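Think of it as A, B, C and D in the order they're written, each chain with its own count starting at 1.
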Amino acid sequence: MSIVLRRYMPLVITAILGFFMILSYPIDNPAITGISADLGKWVMILASFGLGIGAINMFLVHGHAIARMEKGRWIPSIALLGSLILTTVLGLTTGIESDQYTSLYDLLVGAGRLTFTSLRGFFMFSAFYRAFRARTWEGGIMLGGTLLVMMYQVPIAELFYPPLNVFTKWLLDVPFAGGNRAITIVGGIAMIIMAIRMISGIDKTWMGRGE
Amino acid sequence: MEFTVAWISLAISGILTIAVYSFLYRENFSFRIAEHILIGSFTGHTLVMAFKNIKEIGTDRVIGGDVIYVVPLLLGVLFFFRYKREYAWVTRYPLAVLIGITAGVEARARFHGWIWKQLIETISSPLNNLNNIVVFLALVLTISYFTFTIKHTGAVGVAARLGRMMLLLTFGMTIAMDLVSRIGSAVARFDWLFTNIPYVTIASTLVFSIFVIYELAVKKPT
Amino acid sequence: MFFEERGALFFFMIFVFVVAYGISEWAKRGKTWELRKLAPIDAILEGIGRAVELGRPVHFSAGVDRAGPGDPDRGHAYPMLRYVAMNCAERDCRLITTVGKGDVYAVIDQIVKEAAIDAGKPEWYRPDDVRFLGEDQFVYAAGVMGIISREHVATNLMFGYHRGALINMLEAGRMAGALQIGGMARMTGELGFMALGCDYFLVLEELVAASAYISGESGQIGTVATQDYLKFLLIAIILIGSLLYTVGIDTLYKILAW
Amino acid sequence: MSYLERIPRKIIFLLLIIIITVPLVRPFPVFVPISDHTRNFYNVIDTLEPGSVVLIGTNVATRDIENYPMGVATLKHLKTKDAKIITYCFWADAAMGTEWLYHDSGYDKLIYGTDYVHLGLVPGEDAALSSFCLDMVSTKPVDHHGNPIADMPIFQNVKSIEDVDLVITFGGGTPGPDNWARIAIIPYNKLAIVAVTADFAARMYDYIRLGIFTGALMGQRGCVEYESITGFAGRATSMYAPIFLSHILLLILMVIGNGVYLYNIRKKEEG
């Protein structure tokens, strides 16, 4: 009995729910669409509990760092746990819409997150220069495609050699469109096969074998 | 320059911004503080949202009579059994439900959006002019590169090689398209620093430079 | 009965399930396919070897998408993590795994613990080396950038969907001089950047082949064959459909768009 | 020689910081070839006789780098032609944003009621706009600040859209240029020009081909062109200069980097 409960029941549940969600998509029946909408809400509830597990891990990892007074680590860990507790307590007591909470959120998260977003500009700039080496013939094609679109996006080609833009426009409208569509189809097949592998139980790595 | 709350919050935002930008030079103490504050407060925010979700979608519905919602709540509680060794296998049930639903939702979106629509669109474009033929060729060649169970020799080999070139050209062009908006986000951030908080920038660089001096002078980089 | 334009899709879905089941059964009965060699798989072992020589840790990231543990783009990350964790455990190399979603953490932590037991070294598993870093792409990227730089990571493995923040993480890895191997199945701008930022990269269907190759199970290798046969079918439909449409017969188009 | 191929990352970051900072602190016009849409947009405003009435649909909500600089440059240009303007908004925060436009373009120095009227939010999208075109005063009797508009000098000889010489719409979504075109411009065959954000620009090409809009500013780049023609170097130019210069510098660096790299490879093979 316990083998059924430990190993086979979860796989059966995954298969039933997975195939139901896929096959219910094209069916125009209010009852079925109602069920899949409800299941979507179930996911939100379970994901919220999952976040609790993640938060516990954060407390453990940084709690150990503080307990061990690791050099250069325990002060940031105090900052992390401090801001976590502060935001949670303020959020739960005054609610999300209150202006103390929004100003605290903008203060602690707003500036930092926006700056990390802007770091992408710097890293892309340096990666384009340092990482783009036409080692092989094919690498040269990739480099060529990048240079052409760069000159197309910003009016550089228009200044020096306008017909180049006509060629880039054709490249974007024809071969690129074909390549993009191919990648979409191939990406779609990969995602579906990987989903079927998990749903049908062929790939059981997520479940583990253990005791 | 009256000492208002707005001034303090702009000063702290200025400090956090420059602390994050200090990563461009090297990972240092002030970056670590900014990073940890960001992770801590954002996780706090998601925790508050999680409590809200559980209350509004879960408990409120059950009290309101929609009893079926007891199931996800109980399943959610099962997550916490992972810390007890002999009951750890119980967490497989909430995970099984999560994986079944999310894999199904993501797969059906790809079935329809990424395969079916593209298929119908490709078929409905007649091969009467050169451009459509080239699109068709680019499509078939790129797909042929992704074959695994047949040897890439002879005709298939040529098609796969051309497909790989087509793939790399597409990669090269997609990257360049993002460059404009990425640099734009960097410009917008610098604009925030320079236009609306000139005096706070001075304050924050002052405070921040103390960190850098402490970092470089006191501790040699390990 | 069906939504508009989704009738034929329903039967196509059933057809794909039947084909997938048939081929995996065929594979179980002994049919084998010779898979094309994929360089990044050997590069993973080479990367772990490099980490052991330098005495520095390996970093594995399983993505930060919102879908959660069931996201198909993670279908390759779980077997890949198990393969990496077992090799690291055997060679006593420290592995730091970062996770971008709470419920995925529960799965990832289980996989690493299990890999340590299977490799015969249960004490290699360190709970503090599996870290949850927040459920937003840039908050997660901040954590990963910090870990890669502070821990002087030797090999950076990034499998799964990392959204726009992939650029930050790959560049932080490059600044720390790490060997970088990445894998992603979604078709977005970041796919191109992975080709630029990583030393080895697996994209789109190569992921299915790589994880099947690593697990070695016949059923999984069967799914790779399913992929190929599905592609041949789609190429055939596109060929016939386009030619018919050019000549003016659009019956196939009407059937599919039913 | 091989240094050129491996310029350290920190120098590259410094270069980008300089390229971004200099234009922000001291904006300078960037020479960008003028596209025909922007040229037409400029000509339509430039050929207005003094005292002509212009109805403007604004949607500026924040000081961003596209809608906001377009609004400021257009109003400055209209001021040089001493046109009388009436501003009309579909959203509440656009009504707030328009205040900045008046302030930053210097229009608020003129006489309110005769040179310019800010109607602010007119709720009711299509229905309100169509009745506004027929009879302005009855649809929106009170302006943004709450004072009645019936006895304002500008409305003595402007009763409906027929008396308006030019319609300008700023857009980035719906309600926006589509509503203006469908309700105000096509039925009354008005002279009209449009300014849109880059992602919304693709939809404007059909309108221009059909001649509904005689001129258009397409995204930040269109605004930079317009700012360089009118000479008002504003936020769009200063925020575009870094993108423009960084692309040029990056192209040079990439070509040099690969050139030196291939040269070293060939030298290694020969040597």
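Here, contacts are C-beta pairs under 8 Å (C-beta built on N, C-alpha and C of every residue); 3 or more make two chains touch, one makes a residue touch a chain.
Remember, predicted model here, so these are calculated numbers, not experimental data.
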item: Most contacted chain pair (by C-beta pair count); value: A-B
item: Centre distance in Å when chain B and chain D are each reduced to the mean of their C-alpha atoms; value: 32
item: Intercentroid distance (Cα basis), chain D paired with chain A, Å; value: 34
item: Cα-centroid distance, chain A relative to chain C, in whole angstrom; value: 13
item: Chain centre separation in whole Å, for chain C relative to chain B (CA means); value: 16
item: For chain B, residues contacting two or more additional chains; value: 20, 23-24, 32, 34-35, 38-39, 42-43, 46, 79, 82, 88, 94-95, 98-108, 110-112, 114-115, 119, 122, 136, 139-140, 143, 146, 168, 170-175, 177-180, 182-184, 186-188, 190
item: Chain D: positions in contact with at least two other chains; value: 9, 13, 16, 243, 246-247, 250
item: Residues within chain A bordering two or more other chains; value: 18-19, 22, 25, 43, 46-47, 49-55, 58, 109, 112-113, 116-117, 119-122, 124-126, 128, 130, 132, 142-143, 146-147, 150, 153-154, 180, 183-187, 189, 191-192, 195-196, 198, 206, 210
item: Arrangement of touching chains [line / ring / star / complete / other]; value: other
item: Of all residues in chain A, those that touch chain B in their complex; value: 6, 9-11, 13-22, 25, 38-55, 58, 72, 75-77, 79-88, 91-92, 96, 103-122, 124-125, 128, 138-139, 141-150, 153-154, 171-189, 191-192, 195-196, 198-199, 206-207, 210-211
item: In the complex with chain B, residue positions of chain D that touch it; value: 10, 13, 16-17, 20-21, 24-25, 65, 239, 242-243, 246-247, 250
item: Interface residues, chain C side, partner chain B - complex; value: 5-6, 9, 12-13, 33-36, 67-72, 75, 103, 106-107, 109-110, 133-136, 139, 142-143, 145-146, 149-150, 167, 172, 187, 189, 191-193, 195-196, 204-206, 209, 224-225, 227-228, 231, 234-235, 237-239, 241-243, 245-246, 250, 252-253, 256-257
item: Complex interface listing, chain B residues touching chain A; value: 9, 12-14, 16-17, 20-21, 23-24, 29, 32-54, 57-58, 68-69, 71-73, 75-77, 79-80, 82, 85-86, 88-89, 92-108, 110-115, 118-119, 121-122, 131, 134-143, 146, 163-180, 182-190, 192, 219
item: Complex contact set, residues of chain A against chain C; value: 18-19, 22-23, 25-29, 43, 46-47, 49-55, 57-58, 60-61, 64-65, 109, 112-113, 116-117, 119-120, 123-124, 126-128, 130-132, 142, 180, 183-187, 189-198, 200, 202-203, 205-206, 208-210
